Amino acid sequence: MKVAVYRKEHFNAAHRLYNPDWTNEKNDEVFGKCNNPNGHGHNYEFVVRLVGEPDPETGFVYDMKKLSELMLEHVAERFDHKNLNLDVEEFKNLNPTAENIVIVIYNILRDKIDASLDMKITLYETERNFVEYPV
Amino acid sequence: MKVAVYRKEHFNAAHRLYNPDWTNEKNDEVFGKCNNPNGHGHNYEFVVRLVGEPDPETGFVYDMKKLSELMLEHVAERFDHKNLNLDVEEFKNLNPTAENIVIVIYNILRDKIDASLDMKITLYETERNFVEYPV
Amino acid sequence: MKVAVYRKEHFNAAHRLYNPDWTNEKNDEVFGKCNNPNGHGHNYEFVVRLVGEPDPETGFVYDMKKLSELMLEHVAERFDHKNLNLDVEEFKNLNPTAENIVIVIYNILRDKIDASLDMKITLYETERNFVEYPV
Amino acid sequence: MKVAVYRKEHFNAAHRLYNPDWTNEKNDEVFGKCNNPNGHGHNYEFVVRLVGEPDPETGFVYDMKKLSELMLEHVAERFDHKNLNLDVEEFKNLNPTAENIVIVIYNILRDKIDASLDMKITLYETERNFVEYPV
Amino acid sequence: MKVAVYRKEHFNAAHRLYNPDWTNEKNDEVFGKCNNPNGHGHNYEFVVRLVGEPDPETGFVYDMKKLSELMLEHVAERFDHKNLNLDVEEFKNLNPTAENIVIVIYNILRDKIDASLDMKITLYETERNFVEYPV
Amino acid sequence: MKVAVYRKEHFNAAHRLYNPDWTNEKNDEVFGKCNNPNGHGHNYEFVVRLVGEPDPETGFVYDMKKLSELMLEHVAERFDHKNLNLDVEEFKNLNPTAENIVIVIYNILRDKIDASLDMKITLYETERNFVEYPV
């Protein structure tokens, strides 16, 4: 009788997409205006999905207040109002594409929550571009 | 050549989260402000997903008008503008967490629709808290 | 060179619409299912609009962080997860229609912010029913 | 380490639902007001989901700009501001239900993108009616 | 102590933009793909705004249930699942631009509601194109 | 018989809020995390509102396609995927608060459109923070 529960939080951040091993011409060709050296930014929304059986005493798969606090403490407070490339350790050597950000968020949160609960993250870069991990 | 079809409806209801076997202190500790004895409320949205092969004569997996009518008659009309704990039979002895509400909605609707069509329900308590059953 | 600035916050509450001076029949006739004695509820969103000239040193009409804090402290924390009729002083003798709630919110916030800034409140009871005061 | 990436685009189109092999009475009975001979219309939104491993050099599963261009060139430009029944080849002999439209979109796009990437389409006819293919 | 109250409803319709007094070339030049002879369509949303003093006995400026019924009976039921040019009397000789539709809706509803209440209509053709009348 | 017409477009940009005449301590005190030297960012949405009489031959107050093109050419293409402080001339010496951005957009677009049409701009920095100019 497994149920999936979802919680959505957000952060506003700047980023630049480029590969430091490439020439600027190659970066422009692949990343276009996302390679602007001074960066651009987004209102990111991220959703955590946990799957498990509701506890018979509480009716909760997981306390949404605790999940929200973990998402704020470990992700939103570290990424919000930051330049992902320059201010966030995980992206010092990792291109902050939506794909890489969603994997980083999963890796940050996975061991904060009991492994018996399946976890999946969805990240919205805009309302028209979004990603999900794992699949 | 299976297709999933989705229909969304809504209801506005009050609820209170607590376990009658616990002390009020324990309920406050676990459910926080959701344990307010006079209740609080939400604009709930619920989505039914049915999976099957489109009928070659109609091009429909299921008639969305009929699905909407079932959702309104059996769920929305019974839950809308109600206090879930006090006015809805299913929650007389069941804590109306989002997890329990989504299971109740599934159980209500499952036998109203041919078993050959897979069914899944998503329930939004707010735009930031939602649940899905079964997974 | 006046600019209007807007901030949106939310609270989730239960309420019941009725006039205690009327018979239950009259209340049912006028308020329909909103007169359910055990209440129902909504995810309310409220927006404060302030109008003034941007400060030349900050570029702000008003600090949105401060506005958010005032909205949370004086409105959201008092109304969230409450039964408006039973738990909120202002509605002990006032029917909590959207019209009356928006006037109450305006009256609460008006003297918390310098009178030189025009103020207007919009309150969403659902995405399809909303009100604005003053006009 | 597979990631799902999603891109959303839209088109505005007219359509009529009916089966030309049936009497008008039968069509009215099954399709109701959707059988209006002069048609009606929708703001359709469609989402393409691709699943694969992010390229280690770009951090992309697929370039969202290229995906957007394929969706615009092969679907939106052909369907937008059209009457699906009368102006779009694929629906000359196929009832343009949401189910059939989503299958047509999948078939159009599937061979435009490397087969190593799993593809799924979601089509929103309205915010309350939507479909997904394959499941 | 005037309050504005708003109610939103919707209809899904087809239309074609053109001026019958012009050549097809001129119509194409001015209306572009909106001049497709077979039509295209939209999910229209329309909002009625009424301004007045809340009744001291009910706390209502206007009963939202009655307003909704008027909007459904006189507008949505007449426009929904219709081709505006061919099926709706008011557009037989009037180009169904958003501007003209919003004026028609206002004229239909204005005398259904007491003149002491100011009325304004907003019509959304898409989430990115909308109009308001009167101003 | 004036009608207001609205068109919404968007751009994704980075910015930093600070006053170069102040110490960093003062900037932190006033702008908080918005003063992060490496910037942060947003998905901005901006709406242009024009008011005028519909042309009797077209039924348009203004051609939405032309309005969209002006908004894209003069605003979105100049601001999108940019760092407003470093890449956009108007903000070299002007703090890019929402208030200042909306005034800049108005000043850019005002003389591109006939002065007989009243113009107003709304800018959404997030769905919870937005501004309007003029009022």
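Letters A, B, C, D, E and F mark the chains in the order given here, with residues in each chain numbered from 1 onward.
Rule of thumb we're sticking to: a residue touches a chain if its C-beta (ideal position, glycine included) is under 8 Å from a C-beta of that chain, and two chains touch if they have at least 3 such contacts.
On a predicted model such as this, the values are computed, not experimentally measured, just so you know.
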Requested in this report: Name the pair in D-E, A-F or A-D that forms the same interface as C-F; by residue number, over half of the contact pairs must coincide.
Outcome: A-D
Report task. Name the chain pair with more contacting C-beta pairs, choosing from B-D and D-E. Result -> D-E
Report summary line: Expressed in whole Å, how far the mean CA point of subunit C lies from that of subunit E is 28
**Report entry** Rounded Å distance between subunit A and subunit C, as computed from the means of their C-alpha atoms
**Finding:** 33
Query raised in the report: When the C-alpha atoms of subunit B and subunit F are each averaged to a single point, how far apart are the two points in Å?
Result: 41
Requested in this report: Can you tell me which residues of subunit E touch two or more of the remaining chains?
Outcome: 127
Requested in this report: Within their complex, state which residues of subunit F touch subunit E.
Outcome: 1-9, 51, 54, 57-61, 63-65
Query raised in the report: In the complex formed with subunit C, which residues of subunit F make contact?
Result: 17, 19, 21, 30-32, 94-100, 102-103, 127-135
Query raised in the report: What residues on subunit A touch subunit F, complex-wise?
Result: 12-15, 33-34, 36, 38-43, 80-83, 86-87, 126-127
